[in-house]
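Chain nomenclature is as follows: A, B, C and D, assigned in order of appearance, with residue numbering initiated at 1 for each chain independently.
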Amino acid sequence: MSETPAPLSHTIRVTVRFGHSDLLAIAWHGHYVQWLEDARQSLGTAIGLGYEDLIKVKFAAPIVDLKLKYKRPAKYGDKLDVRASLIWQPVPKLVHQYEIRRAGDNELLTTAETTQVLLHPTGELALNFPPFLEAIREKWQAGEINPPQDPQTSWA
Amino acid sequence: MSETPAPLSHTIRVTVRFGHSDLLAIAWHGHYVQWLEDARQSLGTAIGLGYEDLIKVKFAAPIVDLKLKYKRPAKYGDKLDVRASLIWQPVPKLVHQYEIRRAGDNELLTTAETTQVLLHPTGELALNFPPFLEAIREKWQAGEINPPQDPQTSWA
Amino acid sequence: MSETPAPLSHTIRVTVRFGHSDLLAIAWHGHYVQWLEDARQSLGTAIGLGYEDLIKVKFAAPIVDLKLKYKRPAKYGDKLDVRASLIWQPVPKLVHQYEIRRAGDNELLTTAETTQVLLHPTGELALNFPPFLEAIREKWQAGEINPPQDPQTSWA
Amino acid sequence: MSETPAPLSHTIRVTVRFGHSDLLAIAWHGHYVQWLEDARQSLGTAIGLGYEDLIKVKFAAPIVDLKLKYKRPAKYGDKLDVRASLIWQPVPKLVHQYEIRRAGDNELLTTAETTQVLLHPTGELALNFPPFLEAIREKWQAGEINPPQDPQTSWA
């Protein structure tokens, strides 16, 4: 009987740019979507699930669901640690959960979740785990996937 | 005994730009957040709840919750009707629900919801309806607020 | 002996969004590039030189040169008239000049110029006018191309 | 008789994001403006001329002129070295020149230049060097300002 493997997590550090801050010096809520993507992509590159890996096997993984909870504002100049965690799923979906914390005092500013489905090269929805994902899941379950743990500066 | 007033709705029309489409000619999921804001702001301007109205009374209305469900992709060149509906609330929050449909065949592509809280000029959370919002609610309940109903081209 | 035909001009109207304004309520200088593209694309659609027309003939028209002069700031809420003019060229390049004026008082805020080269479906630089462009030039010289003249709301 | 001091240069490394690439896998020309800003801001932070330093003295430094020459395209996944150089000026303007090279083969993809004027806290144009800039210039001329020389990952 196998246990559910722990999430695969990875953190990037971003800085709230001047141009991303509004009249009140607060980061616009839409920019967070890019930060989530950057963290997810940085994790993906580390574990073999980046865009470039999907392109290689001609699968697409469109976002079908996006949720964000903004608890406290990120302000101009803040350094943020954006942590993406890929959650083990019984079905062929990619579900990531995110925490955005202010670097320094580690205050939790935002939580988020994205869900991606997998599309075959033909455009059809994948109903079973495709081989490239099955291979990752086996290594994941065996504890052989260990993305870098220190905050990385932004992928982009 | 008063009934809950119907939502205040308003639709803008946007076109998926070349620069907003990815390698697969599909609009990037993050751009939708801007379209939601454009529809919400266009509705807000029509009913006295735009950013400029909030600035006048020195209230802020930060987004605290954002949810998007992507059912079908929007593609390069698609005309989209983005409908924002302000939902009547028993508490001082602004809740908008959204539908994004492909103009022409009217296919539903995306649904979304945003929640905003209200902050006093001092930065404190509004626990009661501030006067400017109370005034809008009275007119709303009296059926005196009627935002334009045809799809408007994008506010921005 | 033929005269140089007058530029083909077209104006779109945009509004400076809240999210495009910085701490000083001034539009970030990078957003102008999108407005230029929107005006150029709106003109292109009107005269048969939009992205969709280029895709049809499998030509690409990458920007090789971009110049902007910011004379006065655009501020949050300003309505802007962005005028794109395609300038007649003796060589197979697309050169557009732009003027951005504040709607209302018509004050000139920004001037700009973009240059695009044309790439064959093979990726090679076009050294002669390709047939689709030659056809447009003939109609242009005959005075048969007349893009809409009133400010249009933004293409996107 | 004093010589003109050499430019102050600094390089950041960015990666072309999936979401910043168009249908042809080429980075949209507008995104470069953000990369230039990131490199300029990273240099500014290193030498005491970042946004945060300007805010402290209540000066603004709006961009009045922006020029970009795109020689070769940046493609999805490319690592780019964006080098910003502050050029010594006889007048109170900030002029930066930029080179964007593909990391790895060091091919020059893009050159650019930005010019900023300085505005007093009152909003008036600075006609003389303000004290905070004079102080930097003295240290610059004395060879005492040495921004980090290895490519830094992106400021943001």
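Definition applied: contacts are C-beta pairs under 8 Å (C-beta built on N, C-alpha and C of every residue); 3 or more make two chains touch, one makes a residue touch a chain.
Everything numeric in this text was worked out from a predicted model, so none of it was measured.
Counting steps between touching chains, the shortest path from subunit B to subunit C takes 1. With centres computed as the average of Cα coordinates, no chain lies farther from subunit D than B. Note: centroid distance subunit A to subunit D, computed from Cα atoms, is 30 Å. Computed from the mean C-alpha positions, the centre of subunit B lies at a distance of 37 Å from the centre of subunit D.
Measuring from the averaged C-alpha position of subunit A to that of subunit B gives a distance of 27 Å.
For subunit A, the set of residues that touch two or more other chains comprises 18-19, 23, 30, 34, 37, 76.
On the side of subunit D, the complex with subunit C involves touching residues 23-24, 26, 29-30, 33-34, 37, 55, 60, 62-71, 73.
Subunit D meets subunit A in the complex at residues 14-20, 34, 37-38, 41, 51-52, 76-77, 153-156.
The touching residues of subunit A, counted against subunit C in their complex, run 18-19, 21-23, 25, 28, 30, 76.
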